[in-house]
Structures are given as structure tokens and as C-alpha cells.
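Presented below are the structures under discussion, each in the form of C-alpha cells.
Common to both upcoming complexes is subunit A, partnered first by subunit B, then by subunit C.
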Partner chain A sequence: MSAVDNRGGGSPESRLLEVEDLHVEFRSKDGTANVLNGVSYHVDAGETLAVLGESGSGKSVTAQTVMGILDTPPGFVTGGSIRYRGEEMLTAGEERRRELRGENMAMIFQDALSALNPVFTVGFQIAEQFRFRRGMSRKDAMAKAAEMLDMVKIPNAKQRVKEFPHQFSGGMRQRVMIAMSLALDPDLLIADEPTTALDVTVQAQIMDLLDELRRERGMGLILITHDLGVVAEVADRISVMYAGRVVEKADAHSLYKQPGHPYTEGLMESIPRLDMKGHELASIQGLPPTLTNIPPGCPFHPRCHRAEDACREKVPEFHDLGLGRASACHFAEELISRD
Partner chain B sequence: MGRYILRRLLQLIPVFIGTTFIIYALVWALPGNPFAGKCGARSCPQAYIDKMTEQYNLNEPVIVQYFLYLGKLLTGNFGETYSGTEVGTLIQNAYPVTVKLALVALIIEGVIGIAAGVLTALRGKGFLDNLVLASTLVLISVPVFVTGFILQIVLGVQLEWIQPSVGSDPTIGELFVPGFVLGSLSMAYIARLSRTAMMENKRADYIRTATAKGLAPRRVVGIHMLRNSLIPVITFIGTDFGALMGGAIVTEGVFNIHGIGGLIFEAIMQQEGTTVTGVVTLLVIVYLLMNLLVDILYAALDPRIRYD
Partner chain C sequence: MTEASAEPILQVRDLVKHFPVTQGVVFKRTIGHVRAVDGVSFDLHKGETLGVVGESGCGKSTLAQVLMRLEQPTSGTALFEGEDMFAKKGADLRRLRRDMQIVLQDPYTSLNPRKTVGDIVGEPFEIHPEVAPKGERQRKVQELLDIVGLNPEHVHRYPHQFSGGQRQRIGIARALALKPKVIVCDEPVSALDVSIQAQVMNLLGELQSEFGLSYIFIAHDLGVVRHLSDRVGVMYLGKMVETGTEDQIYEHPQHPYTQALLSSVPVPDPTLRDRREMIRLSGDVPSPANPPSGCRFRTRCWKATDLCAEQQPALEIRREGGQVVGDELSTDGNAHPSACHFAEERPHVVA
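Now for the complex of A and B:
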């Protein structure tokens, strides 16, 4: 599949990040949850990959595994590969991975209030990276922290570095989080639902800021969200996840025009649309599978309106649909050739 | 903040009057003749009794006695014992020893308690965790005077490592074992408190952020996790200082330390009401002020807390 999957011109070796067939399970007394069952995606420098999927589909766990901050135990990587600029991460030592964190890859989280340490000023939390990673003096580091706040367009940055996270509004706090993640100038940024906790008007501002920073710095951006609406404008490519797998991947344009997987279709129908105001919001019936007991065949079949006998027995292959598109549905070709 | 402190200080007044009145009433309403045994084997001469009754307003109702007492107290006069010694002087002699003992106890319980709690939280299940769990259970369930006597007999009498009985002006070294005994209960509590706090913070989102920033584990744990986990522990230690001063009675009795505890113990035995009320009043003031101090400290440690 990778032969056709060369948007952005990168060969597999020059890829910024390549995740391949990643398996992660969470072990507990009650059994083993198969949280990731072969996730593959990649992102190149300067492009935005959106990762979509319902709650529990494994978007965050994939990101944490890439960053090397998975809670182990209970989480264990049981297979696959994560390559950053061709370097295998899963076999790299913890010291090497720590070196890369912040400096090469960084992450921002959904809830900036809980993701920032409540007892330290935001300046302290940004400056500590300059102090302990770059060996700067306390004073210089603080000045750099103020510069970072300025860069994410927080007014009055010089004063605000001395404030604590709870003194910022939700949107400003997420800007602090972005400033902090970009402090060491990483070339890969993973944003895990950066706008979910925010007001709709603020959401757009934060998305614009992220997009602008990505462009200026030529970063690769992985944008995790379950909101297809947010994605439409900023994403170059989209990977849709279900039950710990990528079930469809495509460039944003073709995906919106014609989804190649019934699950993606369901997600699209649940976007609130202005012209549909007053109509009942369609959503996918049923619930995602329990990860300790994923149904045989296509994991989506109990909820799929197209399911046939074959779906209950045979796990669908990834069907290559050309131009970097692929879908894990037995009827992928049919789906995209509809009009 | 200034207004908050003022308000709290004003609130202290009714609390202070209420508690001291209860103490006063209890002490002076104690059954028994306060002059029994004061004059050797014979009963006291009537002249002496009259003089004392006059001096302590013993003929007045308790409430009047109390306010007369309170009036003197506010001028810094703690009154006199029956034998004519200034209670203020007695307190001045005994207080520093008890403060010293309480501080030693506080340091021991803080250092050992926090170390045990933090280490077990970081190591997770295993030998150390079980050891600390078992020993805190023992410390919590065995009464302080039993711990005191055992250590006194084993370390003092049998092994002769320490003086079983401490002199009148003890050094810090001499107070080490008594301090350990006095602080043992709180030590067990601190160990558990810091362990729980560390376990809670371990999975906190901001710890994940700190790791994602590429900080060294040493810094993630030692700065980010510890700083947050110690907030409840430090406030507990602050409150405990007031409590330890009062709790020193038993420990001082066991190790024969001439502190506030010894003073109060003797005073109760001899029905010296003035001394008892004076000392207990002082303990109440210290306790109330420490609580205020702890609340201020809490706001200093956790910037999210705002009074006013």
C-alpha cells in the first residue's frame, strides 16, 4: 500500500513519522483489552494528518505510544513499529526517547487546566524546558517564556508569565499549552483534541493558530479529534480509527466527497449542519465493541447497515483505492464509485 | 489577605472565650475541697482559707470568677498558686522544653513519615510497602504510653543507649527518643497521607505533560509530583504542632521531662486550678494561632486557594 501512498513526496525513509501495525494491550485483573490492533499511519513534514474516531477507538493511546508516555503497566506494546525519521522508537532506549521528547516531538492535550501543573506559574513551566534542556539561566529562560507567550498571541505576555494556570481563560490556557509544546521547536506536534474543551468561537481561533504555526515552522501535525467539522479546513489527510485500527485513510477532499467505509459515512452524517437545522442528528446506532471482546469478522459489523454474511466471518483486508486512499471494508470499491 | 487574617483573628475571640470558660468551669467545679491537704496532715486554719477564698473570689458565682480571672489574664497575669508561686514563672520555665520536644517530634515525624510515604508510593507493591504498612498499623493501634515505656525499657534500661529519664534542661539528643514517641502516631499518619497523595498525583495529567516535555524523571517526580503531594502533608504537620504540645503530657510523664505536660499533670494531682487553667488556656491559644497559620500557609502553597 505504501507504493501509492506518497503524498508530500516523502519516501518511506524520509518520512517524519511512520506508525506501522501497532499493537497495544491493557492488562488488568479483569482480562486483556486489545486497545490497538494494528494501527498504521504516517505524517510528513509540513502536513496535517487528522485522526478521527469515536471515543475509545485508540486515538490517544496511539499518540501516547508514539511519544513514549504510555502508562506501563497497565499498557503494553505487543507489536509493530514506530519510526521517527527512520529511527525505530520501540527499541530505542528510554534516554534517547526522552531526548526526542519536546525537542523533536511534542504533544498538547485536551484539557489544558489539568495538563498544566496548578502550583507553578506558566512562565516557570515553559522556562524549565529552556533551563534544563538548553542550560539557560533562570532569567533568560523566563524572557524566552514570555517570547513564547507572545508568539501564541497572548496579550501582555511579560506580565502573564508570572500567573498561574487557573488565572487564564480556557482559550488562553490552551495557547499556553501550545507555547509550551513548541518551546524547543519540535518538528512533529501531536494535538490531542486541542479544542474539545473550548467554546465554539474559541475553537476556531485555536485551530487557526495551530494551522498558522504549523505552516510557519514546517511542522508535521497530527490532529486528533472526533469532530469531523473541525477537520475539514485544516487537514491534508485523514485516518479514521475504529476499535484500535485505522479503517479508512484518504486525503481530506476525497473523503468528504465520498467516504469509502460505512463507519466514516456514519461519522459524517453525525456532523451538525446549518442547512439541516431542526432535523434529528443522525448518529451511528449501537456502541463501539468492548475491547476485551472484539467481534469476529469486521469489528464494525454489529453496527453496520450494509453488513452481510461475509462481514461476520472474514476480517476485511485494507483495500487499496488508489491515490493514497484505502478502506478496510469488503465493499470499499463499491462505496467510492457511487455518485 | 490582610482582611482575611483580621477577620480570622476576630473570630478567635469568641472561640477563645468559649473554650477557656469551659476549662475554667470544669476545673473550679471539680468536686473536692481545694484546700484539702494543703496544710500538711491537719486541715488548714480558717484564716488561711478566708484569705484564699478572698484572693480567688471563691465566694462569687463561677461566671463572675471567670471574668475576673480573664481580666487579669489580659494584663498578662496568670495568677498565683496557693503556695504563692507565679503561674507565669512556672510556664516560662516549662514552656521552652515542651516547644523543643514538640519541634523534635515534628522534624522526626516529618522526615521519616514523608520519606516512607514517598518511597513506598514510587516503588509500588513489594517488601518496603508491606513493611511500612505494617509498622504504621502498629504505631496507630498501640497507645503512645506503651510505645514510650517499651522504648524506655529496651533502649534505656536494657541496652543503656539512652538515659531512661531526661534531665531538667535536656539537649536535642536527649529528646530524640521522647520526640520519636511523641511523633510516632502522626508519623504513621504522615506516611500514609504522603503515600496516598503521591499515588494520586502519579497519574495526574500534568505529570504526563511534564514527561512529554522531556524532563528528566528526577525532575518530574522531585519537583512536579512532590510539590503537589506535599501540600496536604505540610498543612497537617502545621496543625499537628499545636496538637503535639497538648499531647506531650503522656510522653513527658514517661520520660520525666519537666515541660508543660509535667506541670499540668502535677497541677491536676494537687488541684492547683490556677495552674491548670493557665496552661490549658495557653495551649488553646497556641492551637488556634497554629490553625490560622496553617490556613495562611495553605494559601501560600496552593495558588488556587484565595481567601477574601
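Now for the complex of A and C:
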């Protein structure tokens, strides 16, 4: 729990997770869907990496593969590497993965209600982990569960451990999920759309809480979201995904100031902003590709207003732009040097 | 958006919809009421968009359902072009049903999966054959598809062959079929990705100017509502707590709830990080079956006093020390109704 203020510095000790060129496909009767086509990102201790992208871009599948909970079949990892503190995960045995899950890396899901078991009390579900993974007595585990609820700022925690999930509001259930995922003190937390189902006033509370816990514990946080507003408020760095690839990465300030990929640029111009009364929103024309039939060249070219012949023919490499930035667009240099 | 004309197309007064809460299996007893909509008033002018915002469960969809006459109101009145909407029967009701249409949130479930797009969009013509005689229907449907930016040749396809944004366009085409005057949009873009959402919002804007439509636009996304609305009503627990022009609500909010809501919305600009004013509400929205006495927001309000528990604040232009709130410094008049005993203007909560 040291490197609290290491924001993407990337010394070997602080590098928590490195995903490199990850390929995953889903096989079915109808063919093969190329769901991940070379995803790379990393996260360091104490920092927040936002993974941004629209529905179906592969954000959750990447997270599931990192956690070792990918549905296999139909999902298959066909290439790449996932290293947790330097240790290769893709070749690690199931026992080792299970050991790491909870203790070292944990995940919270969008739908907090369905992730909780309705027939057990909230306290029991948190306490389970202390009993089975830490060998605590029933009583001690329950006391610890109450402590956890208190940590996520649920008032009256000692009483509320005895209640069932349906007795909690949506925001409270998400707090319970956070408490549960942090029970064994992991140093990497993946939050998959943790506030999408919540109202904005509650979303703001939950984001504040996650940010505070990350800071206090020096945790690495991967925040998966499609909300460019949330990202702007909490992310240190951002990876933008499109059709199973990371198409751009940058620190938050640079990305919003000058996107280095036409897709990112299009996303930013599509949002009706609260702080501006706009006229016509610039939308991105067309739809994302079907993953069983990804277009040749740059997968974004059919929707891209800058596309030229090269884009239809040659897959743009995800190339370095300096200062921690990279983009998979042939014209990235031009894009980021505009003023 | 077009100039508002003198007489509102829709005048809603003290609209109430309570749902009974029952207990028992054989002998159902009513043990209380969910006060989903509890005294809502507003005007809608021709060619304008009234945005309705508020958190989950505050009664937005119920309001839409009652206005569409899909639910009976418990009490209250609504005049459509000066005539009592809720008293209409027979041919008058059919006429009303032509003039008011609804677009729903979920593009995945609001379309019948076993019908072709042609059937779905042309369905209103079955009920109102006077609008399009049988021989003309196919052409009419194709015209509608073209208007909403879908390929007219796709009339024989089924909903599952379209994307979410395209399905939302199908819903809009269906709503347009009878040339309505008012369209109630209940979260029409909430289920869509931002790039697609922008396409649909632009379409709604274009159709409005082309056909002079009036919209009631319901959404929980305050950015979306600002973008499309001329006027905005903010709902909390079945009541409107503040109404005004888009500028009055977003730049000069007076009600603490509106202020908290606006301040909670993340703005996509990292340079504003830690520089925006933060108002964080504690706790959750109370149950509409048992709303707090007096001001319904008081259990989460940082300004609440005993008065708030005792007296329900009316939605009206508030005065403070003899002065109209919102009017003192402005020449263009920022005064607008808000339902708070201690209403006071608080600019810059947005950015």
C-alpha cells in the first residue's frame, strides 16, 4: 500500500496489470465472432484507468478474461498476454487464479441486485469470504462484515448486516457490492459500469466513494464505462475501445483537449452537454461493425469522415505518439497537432 | 423551435394518479396508495418541447401514461386544444388518439418481434383507415421510413434485423404515421449509445421544425433534456418542484433539488475537475407510498427547517423580503416558479 500517488509512472513494482495484444473469439454455429482483436492496456497501483467504449466494443469481455471468468466455451482466448504483477495469468492454473480472485483482484458488476443472493442476508454474504478464505469464526466474520458496511458508509451497519438485499435501495446495494469486493483487500479493482443503473445523485455518491477508497488503499482501479462525463471527473488515464481494439490511449487532460482518433472525436461531439446549449449534435454516422464481419483496413473507416484509400486497405497500427499517448489511426499525428 | 402561440395546445392542472397498494390474496384490501403523480400542472405550447426530468420513480412515465389515456387519472384536468381530454369518448377519443402519440424508451421490447416493419409502422392505419386508404398504405409506410432515415426497401424486415437506434426510428415512424400534433417521448434515447443517441435526437429536432410538432420529452439525462427543450419541469416524488425556460432552469436554478441534480451530473471536461461546485445529497428518495410531510424534498435538503415539515411549498414565483426571487439583478427576468420556502438563485452549479 505504498505508491499512492504514482499516477501512471510505471515503475516495475507499481505496474499491477498489463494486458497485451489480447485476442478472444466467441464460436457458435453461426460462425466466429472476433470479439477482442488485440486489446492492450495497463494499470498501476493507485491510479484510475478508464476503459471507454460503446456497447459491444469488448470492455466486459476484456475484464472477464482478466478475472479468469470468461465463459469458455463459447469464448476462447486465442492470443496475447495478461500479467498480474509480472505473473502470466493465461497459463496459470485455475487454482492459482482462484487464489488471486478476491485477494488480489476483484470486480464489481453493473447490476448489483442480480449479483447478490436474495435469500441470504447481506452480512452473511460478505462474512462468507472471511470464513472460507480467512478461517474466521461466524461471529468474528459477521463483525468484520459490519465493519465493511461501515467503510462504504452504510448508516447503522451493525443492524443492516442482518437485512436482505431487497431491503436495500439500488445505491445501497452497489455499496454492498463494493464492500464485498474489497473484503479481502485486493490491490486491483475492476468496476464494470458500477453506476449505470443508478440515478445521478446516487451515482455521484458512489463515484466519490470509489475514488476515496482507491486513494486510501492505493488500489489500481479499472473503471469501465460509456459515460464521457464520469470519465472526465475521475480518470487518470483513458483507453478507448472500438470493435474489440483499444484505438486510443491518453491521459485524461490530453484526450479531452485533443483526441487522437476520429472515433474519440466523434464521441465527444455526440454528447449533449449539460454545460452548453448546443445546436445540431455532430453524430457518428452508421453503426459499429458486426464482429463476425469486421471491415478490412481500419475497422472504423465506414463511419469515419476522414477516411482515405489507405484506411480501407491497411489496418492502422496502434502506434506511440509520445507522452504516454497512442492511437490506431493513420492520421493520428495530424489530429493531435491541430490547434 | 417555433414561436410559441397564444393558446397552449395542452393545459394540465393538478393532475393526480394514485395506485392502490393492496394486501391479501383472496380478499384484497387496499392498505395505502402510491402517489405516483400528485398534483402536476403545466402548459405545452404549439411547436415547443417541454422537458421533464427527475430521478427514477418520481412519476415521469405515469404522467405520460395518464396523458396518453393509458391510465385513468385519479383527479385533475387536462385540456387539449381547449377541450377536456379525459371526458372524450367515441369519435372524439379516436381523434385525440390520432393527435397525441407516444415513443417509448425500450427499442428492444416496444416493437412486436413477429411483425414486419411495414406492419408495425402501418398499424395505426388499421385503426384510422381514413388517414391512408388500403391501396396507399405501403407507399405511406415507405414514405415514413424515408422521413426517419431508414431504407424504404426494408419494409418486410423484422425488428431483430435492426439495431437499437434503427428500432427507435421505427418507433418514431409509427408515432408520426397519423400526423399527430403532440408526441410524448418517454426516455426515447436512454437505451442508446451516445453516437446513436445523437442521431435520434437530431432526427427528433428536424421532425419538430418540419411538422410543427410539440413534444413532451421525458428523460433522466439532464444534458439530453437541455439540448432539446424550450422549457423544463423538474419532478421529485410526484410533484413538479421547479419549472422554467431551459435557461432559467440550467443557469438560474432556485430549488435545492434542481441545484443538487445539476451539480451531480458529471461534465465531460477534465479541466473543470475540482473546480465545479459540488452538492452531494445524502440518502435516497423516500417511498412515494409514504412521502414526507410538507416539502417532499426536506429529508434530503440541507436548508430544511421546521417550516418545511409543516407547510407544503407551492410551485409559484417566490418572494424573499418583498423581492421576487431571481428578478433582482436581471433585466431579462429570471423569475420562474419553484416550490421551496427558501428558494434562492444559485448560478454556476452547471459549470
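The rule is simple: the second predicted complex is superposed on the first by the 319 of 339 C-alpha atoms of A that agree within 3 Å, B and C clash if a C-alpha of one lies under 4 Å from a C-alpha of the other, contacts with A are read in each partner's own complex, and residues count from 1 in each chain.
Just so we're on the same page, a residue touches a chain if its C-beta (ideal position, glycine included) is under 8 Å from a C-beta of that chain, and two chains touch if they have at least 3 such contacts.
The model shown is predicted, which means the values in this text are computed figures rather than measured ones.
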| item | value |
| --- | --- |
| Partner chain(s) touched by A:Asp227 [first = subunit B, second = subunit C, both, neither] | second |
| Which superposed partner A:Asp309 touches (first subunit B, second subunit C, both, neither) | neither |
| Superposition-derived comparison: subunit B or subunit C, residues of subunit A touched | C |
| Touched partner set for A:Arg101, first subunit B, second subunit C, both or neither | first |
| Parts of subunit C lying in touch with subunit A, wherever the complex brings them together | 55-56, 163, 165, 193-199, 201-202, 205, 220-224, 226-228, 246-247, 250, 260-273, 278, 280-282, 284-285, 350-351 |
| Residue numbers on subunit B that touch subunit A, as the complex places them | 203-206, 208-216, 219, 224, 227-228, 231, 301-304 |
| Contact set on subunit A toward subunit B in their complex | 64, 67, 69, 71, 98-103, 106-107, 109, 111, 114-120, 128-129, 132-133, 164, 166, 180-181, 183-184 |
| Residues of subunit A touching subunit C in the complex | 54-55, 169-172, 199-205, 207-208, 226-233, 235, 252-253, 256, 266-275, 277-278, 280-285, 287 |
